[in-house]
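In the two assemblies presented below, chain A is common to both, partnered first by chain B and then by chain C.
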Partner chain A sequence: MSEKIIVIENLVKRFPVGEGEFTALSDINLSFEKGEFSGIVGPSGSGKTTLLNIIGSLDSPTEGSCTVMGKRISDLSHKQSAQLRNMHIGFIFQVYNLLPVYTVFENVEFALLLQKRSATARKKAVMEALEWVGLEKMADKKPSKLSGGEGQRVAIARAMVKRPELVLADEPTANLDAKNAHAILQTMKKLNEELKTTFLFSTHDEKVMAYLNRLIHLEDGKVAQDEWVTAKSTR
Partner chain B sequence: MKLAFQLAYKNLLGAGLRTWLNAGVLSFAFVVIIFYNGLIDGWNEQAKIDGINWEWGNGHLLNEKYDPYDAFSIEDGHGKLAADKQENLTPILIRQAHIYPNGRMMPIQLKGIDPNQKTLYLPTDLLNQSKADFPVLIGQRMAESAKVKTGDDILLRWRDKNGTYDAATVTVVGIFETNVPFVDGGQFWMSIEKLREITLLADQTTYFVASENYSHTETAAWHFETQEYLMREQTKLIETKKVSGSILYIVLMTLGLLAIFDTQVLSIFRRQKEIGTYIALGMTRWQVVRVFTAEGSMYSIFAVILGALYGIPILWYLSKIGISFGTDGTEMGIIMAERMYPIYGLGLVFGTIVIVVLSATVVSFLPARKIARMNPVEALKGKVQ
Partner chain C sequence: MIRFIFKAILRDKNRSVLPVTVVAIGVFLTIALSGYLSGMLGDMIDQTARFQTGHVKVMSRAYAENIDQMPNDLALMDIEALHEELNRDFPNYTWVNRINFGGIIDAPNENEQSKGQGAAMGMAIELFSKTSGETERLNLENSLVDGRLPQKSGEVLIGYEFAEKLGAKVGDELTFMGSTMYGSMAFASFEISGTVRFGVMAMDKGTVIIDFSDAQRILDMEDATGEIMGFRKEEVFMQDEVIEMRENFNAKYANDSDEFAPIMKTLGEQNSMGSYLDLVDSVSAMFVIIFVLVMSIVLWNTGLIGGLRRYQEFGIRLALGEEKGHIYRTMIFEAVIIGIIGSVIGTALGIIVTLLMQKYGIDISGMMKDATMMMPSTLRSKFSPQLLYIGFIPGLFAMVIGNMLSGIGIYKRETATLFKELEV
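Our next item is the complex of A and B:
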């Protein structure tokens, strides 16, 4: 039996709006197994990013539960949430969110600094991660000198360098042209296949969907459809 | 904490000109504070040394009837001290008198001192060396106000102990320069034996100046005022100057710290996505607060380095050539050299560094606390208001 990495039960998320409330997610029941390459898809405002944020312990549910790697998100303290993100979860953002004053190497190294790994171990891991994304020769460059595709590859290396069990990618191709988007997706698919890392996307990009094995359609904060599909392979 | 400083260091260097502008403003405050304090300390040191050398010695043994603050007490404020108790003491007798330079009448104090004394810097040996019948010494300020110069003869009129007036022509055999107004303005110095002779006050002394080797024992009709007691007014005045100087520090520090505070507030607003990213990558919110606080501390450390780069040569140069204020302390009745030489002690420098670093840390921490309440999702979106 496969290991369940994420279990979501009866999850509801409401946000205060003025004097009332807006329900962003309603009655979500999902589970994800280790090694999945899945996506939460749907139009803008459907609650994709909110769900991803809760899974990433950046936010917490209003009702119900979300358990990630055996840890119930709403029960975690700030410190425990940070620990969970630092040790087990990698994030890839739409606008890369690279730290502008750091070099490519330092951006990728950041998560390992938080893990207090030795300088030698950090260097080895960073260079390995940069090799995965084909940017080992750009280690000394600042993010401002990178193209969009390169920036997102650095973000992937940063998410992967600590070998997390789960990578959460929020619209990772939204700012990329088709060629770069495919390159990025192939890189992530390859890492998923080789390292068995679970990838969970939030997207409404058809190009991304083509690579996913499972599509969870969200509409108005509810799961409209949960389907397994035959995805593009890197092979 | 090490990580916070590592990140803060990179962030500040990465911020470029903004960092150096803030560090520059703070370094200016830092250098000026050290300079002003150094100047006050230099003045204090100079005043203390000059006061001891020219006036206070190691303390004064005063006749109980003599009050330095009451000119009327001069008349009767004198007495005789047994010779065996005068060891390491220089006797001074004061009498009221008048001089008539260029036809004008000026009241003065006639001060008799042992010409062979070595306790005070007064060049009393000139009194011994002179062939004049009635040699006197005066200070530069006295010479200027009476418009006399070395070698000039002046008519002097005094009263003896019986109140009988007498007069003689005295010769100015030397004009000394000193920063200590208490031995200069309105005073004529002469041999104490001569003064005792013309005033019929044999063996009488108003006060004694103690030398370094003097050891005081209680003596009837005389009371001892220590060196510290004698310099209390000067010390108080300098302390007052320090307090008024602190207003300057507060203004300068406020400007420097305001620049840091402003930068931090703006930084936290502008760098929301970065803050969100830090948290997403696994930092706790308080770790991020520490990074931003460390950035503020590092502004002050950069300010210290920058201040040292341009401040050390400037302050060193000023301490060598001194600073002239175009006046001395005569008019104010204080000991103040025409040219003052700042003294920068280690305590002053390190004390200022600690104050600057601590203040910068506090003003950085205040806005950074907001991060602890920040919603990381909103921060990542850059929507925190």
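Our next item is the complex of A and C:
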């Protein structure tokens, strides 16, 4: 692990509140290397999601800089931000956010459509991604027919199908029972190890933390602790 | 991507059914009401032209000034020469003689005593002429309730309601009492050859129709007529053409001070039809404008509701790396597809209903029993080629504009703000 794919320097994020401002993140200095399986942890309102949104180029810092894949987020146009997300970043959400009108296959395929890949290449990549998460037989099912765990596995396949360098997962196990949460985390860990994809979680779930190699504790928008740990759980 | 959009439209009933229904209903209403409006207004114009005004009418100046009194004492004379002139100058028109006259009709019983009497509104037309086209123009064959059309001198057609009022039936004798062109008493007997119903209560209650030559004989109008009506050979009223005809014809007699000199009037210059024609134009235009405005507002709201419902989807697509502009463009593309589908359905339904209404109409004779105005007792729609686009284009544009307006919110917002609002 030597290639830095995220570099955050002196990052501050403020939001206007009424006539004043609310500081969501303050003086953040972090870097993440390729292949990390890390988590930003902390209670609700600590700034986890805001930081994840900035890294995902959905938002930009008020001060300081955030550089992802060598691209400074605050310098990117809307189009360039979209392109960065499209080509290099996968998102996994707390609620799976699958498009209900499309099948499992089409939901995963959608990310590739934006990359204008050929139908043959899309089919191959989608089936491979579904195999990673063990849902190749559910390809024609609609999201409404899936269980919570299956839905989140489709979301993982959708995030992974384009082989991104970075996956941002915002509370991915919050809506899952313990058994499904472990299954999901094992899948992500496996992909992290096999594909060398960097995973960055936002979580306050102990089950997730048990799988992580690095925990960055946020408190009131500041990094309270940045610790490397040995993953306790590998189930 | 287009395939994906089509799939979503087909599968997501909320995305397609509601807007398609709204567009289809709006387009249907526009076409059906527009067809009905032009049918009703057009019927009144057509009916007035056929029975009262012609596309143009030639009269004596004095007759024209007193036309409400049916002043046959002011009739046009020397009509043979006038017909030659009209046929020569305006060969695209059929010129027919008409005499309107009033009088009393008496229906005698078997003892030659009166069993019924009534004021008659007489109309003499060229019934026996093969070229006048009057029986077809007045739709006499189809208007027959009993009997047949007159085939020889001395036969009369009578309004069905009038015959009932007189207690007369086909084959009965009627006596006409009136005055000649020169003011002396006129008496004549006729045999009823048939009863007719025009669907215009004012006519059905008092009309008698005889041949023009009979009227000339009874009313002492040799080589004279009350009116010469001109009908375009295709029976289609052409406003600009008749105005030019009138100007050319009247210019020839401009220096003639004789009050019996002929004067030509267009349909628009008679029976207050001018303002009516203007009204038809402005009502139709107003109708389309109001529709486009109302539909735009309705579809804007439909687009807004649809957009709100799909905020989550837009958020996911943003996260997957789709540009806001692309999302906006696909929304518009969907709107075009839905607008086309809705407009096609609405147009098809509107045309079907218009054609059905044109064929069968709505019978309002029950409400017209005591009406004296010239108005059809069956309200019909009228199909015209403009109905094919009069609803389609506004339907499509309203849908697209509605979605463009509702989508601007997505396009203008900062990605982060939008993403948070999307509740992803």
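Throughout what follows, the second predicted complex is superposed on the first by the 230 of 235 C-alpha atoms of A that agree within 3 Å, B and C clash if a C-alpha of one lies under 4 Å from a C-alpha of the other, contacts with A are read in each partner's own complex, and residues count from 1 in each chain.
To be clear about the criterion, contacts are C-beta pairs under 8 Å (C-beta built on N, C-alpha and C of every residue); 3 or more make two chains touch, one makes a residue touch a chain.
Because the structure is predicted, anything quoted here is derived from the model rather than measured.
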| item | value |
| --- | --- |
| Simultaneous placement of chain C and chain B on chain A, clash or fit | clash |
| Which superposed partner A:113 touches (first chain B, second chain C, both, neither) | both |
| Touching partner for A:60 - first (chain B), second (chain C), both, neither | second |
| First (chain B), second (chain C), both or neither touched by A:121 | neither |
| Touching partner for A:78 - first (chain B), second (chain C), both, neither | both |
| Chain A residues contacted in one complex by chain B, in the other by chain C | 53, 56, 58-59, 78-79, 82-83, 85-87, 91, 93, 95, 97, 99-102, 106, 110-111, 113-114, 158 |
| Parts of chain B lying in touch with chain A, wherever the complex brings them together | 3, 6, 10-11, 13-15, 273-274, 276-277, 279-287, 375-377, 380 |
| Touching residues on chain A, where the partner in the complex is chain B | 53, 56, 58-59, 78-79, 82-83, 85-87, 91, 93, 95, 97, 99-102, 106, 110-111, 113-115, 158 |
| Contacting residues of chain A [partner chain C, same complex] | 53, 56, 58-60, 78-79, 81-87, 89, 91, 93, 95, 97-102, 106, 110-111, 113-114, 158 |
| Complex contacts: residues of chain C adjacent to chain A | 1, 4, 7-8, 11-12, 15, 312-313, 315-326, 415-416, 419, 424 |
